[in-house]
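Chain IDs A, B and C follow the sequence of writing; residue 1 opens each chain.
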């Protein structure tokens, strides 16, 4: 391991997100724990999107959770263990040049590892610097596709009304908004509908959803009301946590619309049934290309 | 130790801590060169006057832009007449006369940028009231029902439609505050594009802080008194004047 | 005075439940916050809003870095201007000083300009106890004083009431004929309050900012009550937090414009009153005495505990209007003088007694809308995160939650444990899902708070890592066959 001083110098170099002289070829996937355990199809879709662009994807199997839930709840000591673990897994890959970049299909997990690790390691210059090395080449999926690879048309098509929900950490911590919208704008056949309050929080907020459940639900209902008014069949987003919250409400309310991770939409796994308003569970369905996985849209709402 | 010293010493000790997260150790002031002018207005005096009018009209104020002091004097009388008619119509048959209907609460004649106002108004039956003292109940009673106020300005700002008035001898605060209707006389010479232009001019002349401190109070007025406290509904004339008319003129 | 049903001392969860159950509150909040926020966005967009925010931030950082010198400068200039300056560490010192001033000047009645700091130290209660009538003169504050309620918004104190509610109140308390016309209601208040202005002995206000280089107190208002209170009564008393000092007049006008735009979307508020001392010889009007009370009440602690950034706040209320939590529950649910994101940060740091104040830092999803709206770029989510961390570090977060988090970290701390937990959650959640036909509609323990209103998906039968492994194995086989 490099001494802290040298690391800090390196840190200054990578403080700005890396500009790639030659297009990156090898990418480590930080799939995030929720995607891994609950929504593997989102992870597979992300892999497919990257591979189609000629990217070689690595999945370091040691990875678990970035620690965000504990950090947001105020448990810094507990988070630090997880954050060190994350850095120990990914930093050697980056520093040794085994991977050119790191990509995750989640705005909030990227915000955690690129912004909040810096806060977490305030008094730990070594890890702070190592975390910054990783952060310098870490990208949220749509950010990577649009800003790094320069693609917006990934050959996606979708027949139906399509809205976009801007997840808070993605929008306000990472400043990523243009990128997912650019990708969605290229989805062939989609009728783009605008969502009132698209940039308003859905009310998830991690432990907030439990600790302040009544407020969280009220905020979520505002979101689902706006979705209903937009007449969207599908609302695309870049975070499965918001997706879980929005769909949790939509299915409970028996609504037609479904929240879908943008990766799934972009690899054409999402379809709207011919009879959109029949029943809640048969509207937006995904084409089952990976049979073992479960999807929201399969669920008996 | 006094409370004062206790507070100040404690802040000093805290600020000297090297690990203090905020404020940053190096926190330079904004220097004059980098300081922004928030709004902007350009053009000759007349353009600025028109811009002022545009801005104050957005705020439900009214204005005239005129070419001379003579025209300004006439405009003032006309405006008073129109307003007096409105007042009379509103009072009609309600027996609400106070005896102060034909009075105008005003700055001292020498403080107004239009000469000969008192005489001209007297000719048409109006009385300019310039109180020397308004601190006693009797003196306040004597002006309490006056519906019109006339003042000059110390400066006016085109980009925001704002008037700047100092309180001083002959320049009562009451004239622009107590009546329901306020007329401000603004010669072009007092009109600046922006607040920042006025600040810079005063600062350059070396007297900004003195200028300000020489008076007990300064008031900036931007449009008629208003509130949005009742469900965000705009209501005018809550405490200050409900009608503000600005007469801008070459001079 | 009407009896209010608003009780700030109820437990936090009860306050929230009451707010969420109040349909009228919901309507009133929705109408008001959206409008105010829209006006702010337009006003900041009409100028170089980002630059304005950056300059405000730099100015406030400089002012707070040089706080002791600026306060001394302010004090000496105020004194030279003929004002009296007092210092107070706690709320009761403010009130003691205020009442001494009032007694000495034989004050019977005081008129007040809306001031958050006077709400913070409960000036009205102290004056009432001393037998001095205090009349709130801001239209919104006047209304809630009639209703016997505390304010629910930094800027729009009566945001929680609809026009219909206010009309009812005015009919009852002021004999107003039935009407819903706000202009008529405003006229009734104008007549009533004009009498008060002309007969009051003392005016009381806060300070939006005070200029050190000239010793000038600045108050920003729209109605004109600020001018009345600082001009008509014999005695004018200003109670201001020590963080309100700015170095120069240029700084003052910068803050004035940033505040006007962020608060109400105006270029300039209708009135800016700048008072540099009592009435001068020859002046027809103005107070005979000017008293300025500089208040700490926890502000220095805030600095000491690492929350000095919150002292940049100019009390514009923009963070309330954009906050999705505030929009749902309004101000009273916070139980404090200060609500919304900034209230959640400072309520527990100021020397205030707020019931369940520890719950406030958690009353946020950390969505960050407040930080983007703040004219001084206060990183409110970061401060809320720090408060939560302090709360946990001090061992105040509750044993069960702490154990759960330790377990969570332990489980996520190794691949083997993580995969084992995943497998367990998989079978567990799928059993639950099977029972309720697809998605989980009811979960035990603390998770019931989720499933009360929301479904939860079962875990995937085959996790991403399993699928990845299988895919790799397939690829390898193909490669070998070639």
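Keep in mind that, in the parts below, a residue touches a chain if its C-beta (ideal position, glycine included) is under 8 Å from a C-beta of that chain, and two chains touch if they have at least 3 such contacts.
Everything numeric in this text was worked out from a predicted model, so none of it was measured.
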Chain labels contacting chain B and also chain C: none
Chain pair, most C-beta pairs within the contact cut-off: B-C
Separation of chain A from chain C, taking each centre as the mean of its C-alpha atoms, in whole Å: 32
Cα-centroid distance, chain A relative to chain B, in whole angstrom: 54
In the complex, chain C residues that touch chain A: 16-17, 20, 324-325, 328-329, 362-369, 371-372, 382, 385, 387-393, 397, 401-402, 405-406, 408-409, 412-415, 418, 422, 425-426, 433, 437-439, 441, 446-447, 449-450, 452-469
Interface residues, chain A side, partner chain C - complex: 31, 33, 35-41, 43-44, 47, 59, 61-62, 64-65, 67, 69-79, 81-82, 85, 116, 119, 168-169, 171-173, 199-201, 203-220, 222, 244-245, 247-249, 251-252, 281, 290, 292-294, 296, 298-301
Interface residues, chain B side, partner chain C - complex: 2-4, 6-8, 10-12, 14-15, 20-25, 27-30, 32, 34-36, 38-39, 55, 59, 131-135, 137, 140, 144, 159-162, 167-170, 172-174, 177, 195-196, 199, 203, 208-209, 212-213, 215-233, 235-241
Residues of chain C touching chain B in the complex: 28, 31-32, 35-36, 47-48, 51-52, 55, 58-59, 61-62, 64-68, 71-72, 75, 77, 81, 87-89, 93, 137-140, 143, 156-158, 161-163, 166, 182-183, 185-187, 189-190, 193-194, 197-199, 211, 213-216, 222-225, 227-228, 230-231, 234, 242, 247-251, 253-254, 257-258, 264, 266-286, 288, 294, 296, 300, 303-304, 306-309
